[in-house]
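Chain nomenclature is as follows: A, B and C, assigned in order of appearance, with residue numbering initiated at 1 for each chain independently.
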């Protein structure tokens, strides 16, 4: 045998280069533009795909090894959680409602991210980004699966988590996260990378997976903590991919700058609007609070995002236009969104409630400029009404923003007593928006957003009832018909936490877990 | 100067990592939160394999970081010996 | 450019008036009363007498508010797309010039919500 052992082990950079480069070829029977039809129409100019630098040099062998290790840890914890009735260790059953929003509103986005990255992982003509996107596509399906597995333990005991696949396509507030991702996956591959890889992963997911999941730990939810951190450990890689992608575009051609800037402005704003749901989860749905939404915002958006935009300034990128507004809005949005779900809690797949005195004091302390002045009087009134047996539900359908699809609940940045209304006329039709940001997104691409599936309008058009329902029949109850179409059971999955089956069961089971009678 | 950060889960695997990172980066600030730590540092933060191995008393592959890493910010430069976060170019 | 796309296409306008069974949409917001978190969206026939809106329809929507009983319609100020506007209560929506997806706001002077908080 004269096989020689190599003198020296290859370094990480060389190993990575060997495993990710030179894997493809210039096609000759077919034109490259026919093989990769999607990577030019957005106007992004790429001259040398080999200039793509991979920040994490994770090769497939290492990837499988470490992902397998993460899975082993996660599933050991899920088993322990199940065997020890871990769900009874949480602070109180109100917390589970945050998980209901997570499984119905966030986990399906992980699956959509999987589809999106699979698509762009096919359509970039450079092999570097293709490899990176394919790995991310595998991560994303792992996230959706591990989240579903982890939360299935709760689904066995609590209401509202039974049909997330159906609900994401139907339920009014879930159209907010769904339309966000639909917008991204129907864009070209470069815009998708800015939308998801950069704005969502880099600027925004920290706010979901770091302080919120740390909050889950604080509330005794081992299962969510583990899937959350397990997912976020992949996000660190995804964030660097998003950042690399943006640098790559900006370094390839100066003409790319205005296109990239427009996408950053758009997707930062789209993300900010979607995250208002997470703001509410942090300030209202964690019985034990780690930090306020505003504090989390300041750490993860203002400080970390700020450092990032300072760094990108060398390419001519300016901080997203919306930053001035969101700096004002951060003191309001969680309260405004919780007010919304409280009053439309009759058509939600989770329970809502009014904060206790102690919780209101915490909110006052965290939001000294806004809570007592604008929100405490409303909440106090609602509590009084509830005590008199008149728990407030809004029984009329709200006006929705054509772009973000959130009801027009947000106030003018400089006047928290006035709802912000914006509108545009396009080809003889009126369109309405919650903000300058959403209006501008529409005005840039009206042909895309005229197609929006707005739940309120769809209900009026008669598309949100089961096929055998006759809306003209005497005594027809549209709300009941919509709930039935959502596959929600009135009085069980929806309405106030006080008096709910979840509340009763949790109290009874916890009693059984701590006593022998 | 902008701040970079590294967030890690708190467990037996990460204790020696955190110790090594704090020793190698005098500018680093440790924030302890439920189930996690966040290490902030002005300008840059370096994770050195040799420092971790000295504490662990066994060989350590820096990519093992992946298992307990929660999040980070800054540009990543990764070699066999060092994992660096910075806003430098 | 109305859309960035691989090839020219036209989006389907999902909410054109003919999809609403002979009705039109009208959005209504009550200023300074954020207990109702957002303006409301009503589906109404174009030949509805305008006065039926405040007299017949809005009470069902806003009646839960303690200020509602004190609303004086002769004092109320109306805004259409944010600009001051004067409806004729005895004419229909169409005769008042209200088309599909118009947005009206009304302000009720002296009424500023729960404990004056504009809630």
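Here is the rule we go by: a contact is a pair of C-beta atoms (placed from the backbone, for glycine too) under 8 Å apart; a residue touches a chain by one contact, two chains touch by 3 or more.
Values in this document were obtained by computation on a predicted structure and should not be read as measured data.
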Measuring centre to centre with C-alpha atoms, which chain is farthest from chain C?
B
Interface ranked first by C-beta contact pairs
A-C
On a C-alpha centroid basis, what's the spacing between chain A and chain C, in Å?
31
Distance between the centres, which are taken as Cα means, of chain B and chain A, whole angstrom
27
Report the inter-chain centroid distance for chain B and chain C in whole angstrom, where each centroid is the mean of the CA atoms.
56
Could you pull out the residues of chain B that touch at least 2 other chains?
none
Inside the complex, what are the residues of chain A that reach chain C?
37-38, 41-43, 187-188, 191, 336, 339-340, 343-344, 373-375, 377-378, 381-382, 390, 392, 394-400, 407-409, 411, 417-419, 421, 423, 427, 429-432, 444-454, 456-458, 460-462
For chain A, which residues are in contact with chain B within the complex?
11-13, 55-58, 62, 66, 69-70, 73, 206, 209-211, 213-215, 217-218, 225, 229, 232-233, 235-237, 239-240, 243, 290, 303-304, 306-308, 310-311, 314
Residue set of chain B touching chain A in the complex reads 2-5, 7, 9, 33-36, 38, 63-64, 66-80, 87, 89
Chain A touches which residues of chain C in the complex?
1-6, 9-16, 19-21, 23, 25, 27, 29, 31-32, 34-43, 60-61, 64, 66, 81-82, 99-103, 105, 113-119
